[in-house]
């Protein structure tokens, strides 16, 4: 396994400041030397290649166009353990799924920079005749080989690599011709690692963001994206948006100006629509305050990220509703799951079918918007009152430096996320669903939500506890984790 | 083939008046003599049987309970050509589909009172080992045998028999223990027959409604239901509601007080919700004016009734959205279709899956209502302004008798429906979808819609014509018939 | 612009109608409209048309072809002996198509097609057939008919 | 009220954790909470736990059983040789369960189960396993262990 954190020579004092050119050049040399395919990365060649691509294969341009046209694009997830399988998958998602954006999900060894294990996984996959890895070992194949994926499909491609260690995967992905990369320092470190420090996670993404800016300086606009879904487990909009703001400020600090914001669906029509609007506005508000008024921050809505039902027919409703929620909410794209979700990585067929179901749902949503609904307004305003006190406190704690503030806030529990595997997070904040299906804060931990806001959440949750006849407490949170995976007999008992 | 219209001896002057007891007794004798199983109908025994059923097997009671609890029940369609197949189907819909209401759809020969042909169809089905009929030959089997269907499933059962000749099917169905019957004189005669006169169709349903009232007099409340979907082909809410009001007044005249109203989904979130609310309110308004303030008139929303997509994945989105629309609109039940719709009568499995997908969509809709939206209010108010002038004119034309007014109004084109197969209907009214996905009136024919309303419809449709670059005319209506069956490549071309 | 009748197909007279107790009129009506616009002459019998009425209309109007619709699933029963009626009436060479949802349920199309061809239909069309496709086939079939063949390959 | 540890199972010490590079902590955490409430003693190793750490913790805490979670699909690679590590450490009789989404993709469960039993796990649990079911099986297995058998039928 290679070192996750940058070597000492290039380790700057930790801050949100832009990494200076010379230091970054040294960092890149060190980074690219960590695995043989790093040597294949040639920035000049990569820039030329990106410039040679038509606008419809550049994710930044495609997101901007969709935003201008009021469209909601579809994007699946998808990664298999060998180049052949991955080529076939991406072609199927394009051809049979009509995906507007094609993905390459990396395998979990690659995510953890265990490239030798990934290599072994390829061999095992070839031996077994099926993928033994849960994604594509992008770094092992390297940029030259991975470019075949870009050439195979006439759509923009994005790297999906849920990791806090994106430095080499990012270099390889961009050099291969991927024009999008999902991941961020705060969001992924708190939800994808156990022992990595938040600081190192942020540093790693500062590298990636700085790399994105380097391409930008060379005239290539790439799309960076923040994964606000975190642990995917009942994340209320406010918590997702707080992390979105922090990560967006960090990215902007490195020079990123095309920064997507992902929001996991709560599966509530009003809460999701309010969240999508609030997210973009609040991120813009803080970016503008910080002097980055020129950043483009489209919102992507994600199909339900928690536990799925074990019945395909039930799951189909989540797939379709996922399209409805994204489109009605005004998201610029939706990231899809499939009816196989509760069981395992979907076959290309199941993946493509879910894309089509979602696309039809988007069509059916027409131009419907619910922004005029009083309930929508109430929720949107509520999100603002939840988010601002936390973000303001984070900025305060950093004495103006958002990177520093973030670390301190995590330590203090001011920034917190539910169900975190990371040992440095308090993970005391706990969400649950209220009687109307809204995700609310059951336990705030040490997050400084205003008192009246918390009272409101508690009142709504007490209503649910009373309805369900359970005690007001942790059980509400646990049953909310299971909820969507329950059988219909349990969810809607016969009259 | 037996006679469709009642014999002369019992032919009263045509009016909306309640059929007198003695005449009705004579009518029943004549009717039951038309086919051997008619002799099995024993009203006293049937009344006792209905009284012996628990409330949860009585559709009237079940609809009232759902209304009180704010639930949206699920009900499939389903009929196969032999008793064995029908038993198996109903059990599957109950057990695997969790249907709240189980159906028996009759075959098209039975609907047209061609009972010998139905008999032959049973034999053919047995020979072929698969159903050669598109439904269950209820009259051929008769009430005693059909009761096995009622006994097989612990849910309320409804007869679905799209016909203008329900007299014997109704007798057999109610005597067997079915507690619901779908169909009505105006709606079905205009959409299911070619040469039958509207008058005879209404007379036939007056018989059925009078029979329902007879059970009521004996203490058994049965659920009658109006099929507002008509030809299922882009029926705008106003036209469905006009027929609902007329048919409800006719039924109430015979003594029916539990009268469901079906509305085909337009597949527009706002238009459907507005239609569901407006339908119940307007029917109540006219019933109350006519002195029937005590009628219960719950609304049932129907999965898309027009042409379906030929791709299962696309169809799944229509299934799921159908649940969403019904629940958000506040319908008391939803009648489902399946992913097989474009091809043929679904297998029990496909039928059950669609029920589960729909049920999950209903769950996901939570308690969401959009009645506060300005757009909802505008649409609902618009429907009122469309419906009242037509209904008022119909009543006027009958000099106070809705039955007489209906015939005159159909002749004059004041009452009209799109795509009617019936030669007596002008069928000059033509709907099309506007740029926002609302169904609008493209050509009003001779229906007396207010001028400003028609101007509004035209303006909206011209917007669509401009967007699609087609002439403002019939092509808008034809392409609206195909719309939902188009491929996704056509509906949402790649960016 | 949509497909047009060409060559020997131009001006041909076609009977349309929905057979049996079947009330699905929309497809037959839209097909009739499209065929008329394409340059065929159309005699539309509408919904719920007994088999015999197609023969009667064919004789009365000296039609060149018959477009039978069946949507409701019972076409497999209704269409038996349809060709025989034409043979009995001395119209054994009549061009007869059938289209719609011809059988009950979602069945394998090649199998369904075979059944209807065996019943004597010249062609059977699956669900999701559009008027343009039908016009092209009509053009081809009327073209080979002048050469004495029954239908085009 | 939910299932409880009974008989010889009461108070047993169980190690929980998510093996390999797998970060899915929710299932393991909820399972740990439920087992604790049921009367087991729990040592939770959390997400991303190398196989060796399970052995180390078992020795250090003198555990009675191991509850390996694997959700992310690569469990089939991560779990190879897991039993051998315990045998090498002299803990050949350790009760070892594995549960989650054990392989990549939606595969036939009986086949997947066989593979994991062959790897040496005493039991493998499919997706959609709830804590109550696990507790019942633990009760049964600890019960037969006092009788010298490995696991209950």
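The first chain written gets the first letter, and so on, giving A, B, C and D; residue counts start at 1 in each chain.
Following the convention adopted for this analysis, a contact is a pair of C-beta atoms (placed from the backbone, for glycine too) under 8 Å apart; a residue touches a chain by one contact, two chains touch by 3 or more.
What you see is a predicted model, and the numbers here were worked out from it, not measured in a lab.
A.B. asks: Give the chains in contact with both subunit A and subunit D, ordered by label.
C.D. replies: none
A.B. asks: Ignoring subunit A, split the rest of the assembly into groups that are still joined by touch.
C.D. replies: Components, subunit A removed in thought: B, C | D.
A.B. asks: Return the distance between the CA-based centres of subunit A and subunit C, expressed in whole Å.
C.D. replies: Once rounded, the distance between the two centres reads 55 Å.
A.B. asks: Using the average of all C-alpha atoms in each chain as its centre, how far is it in Å between subunit A and subunit B?
C.D. replies: A distance of 46 Å separates the two centres.
A.B. asks: Please work out the Cα centroid separation of subunit B and subunit C, and write it as a whole number of Å.
C.D. replies: Chain centroid spacing, subunit B to subunit C, equals 31 Å.
A.B. asks: Just curious, how far off is subunit D from subunit C if you go by their C-alpha centres, in Å?
C.D. replies: Their C-alpha centroids are separated by 66 Å.
A.B. asks: Could you tell me which residues belong to subunit B and also touch two or more other chains?
C.D. replies: none
A.B. asks: Enumerate the residues of subunit C that touch no fewer than two other chains.
C.D. replies: none
A.B. asks: Can you name every chain pair that touches?
C.D. replies: Here the touching chain pairs work out to A-B, A-D, B-C.
A.B. asks: Tell me, which parts of subunit B touch subunit A in their complex?
C.D. replies: Going through subunit B, the ones touching subunit A are 56, 62, 65-66, 69, 71, 73, 98, 100, 155, 267-270, 309, 311-314, 316-321, 323-324, 328, 352-368, 370, 372-375, 436-437, 488-489, 491-492, 494-495.
A.B. asks: Across the complex, what residues on subunit C touch subunit B?
C.D. replies: 18, 20-23, 25-26, 29-30, 33, 46-49, 72-74, 76-77, 101, 103-107, 127-128
A.B. asks: Under the touch definition given earlier, write down the residues of subunit B that touch subunit C in their complex.
C.D. replies: These residues of subunit B touch subunit C: 81, 107-109, 111-112, 114, 117, 120-121, 124, 130-134, 162, 191-195, 231, 233, 307, 310, 340, 342-347, 350, 419-421, 423, 478, 481, 485.
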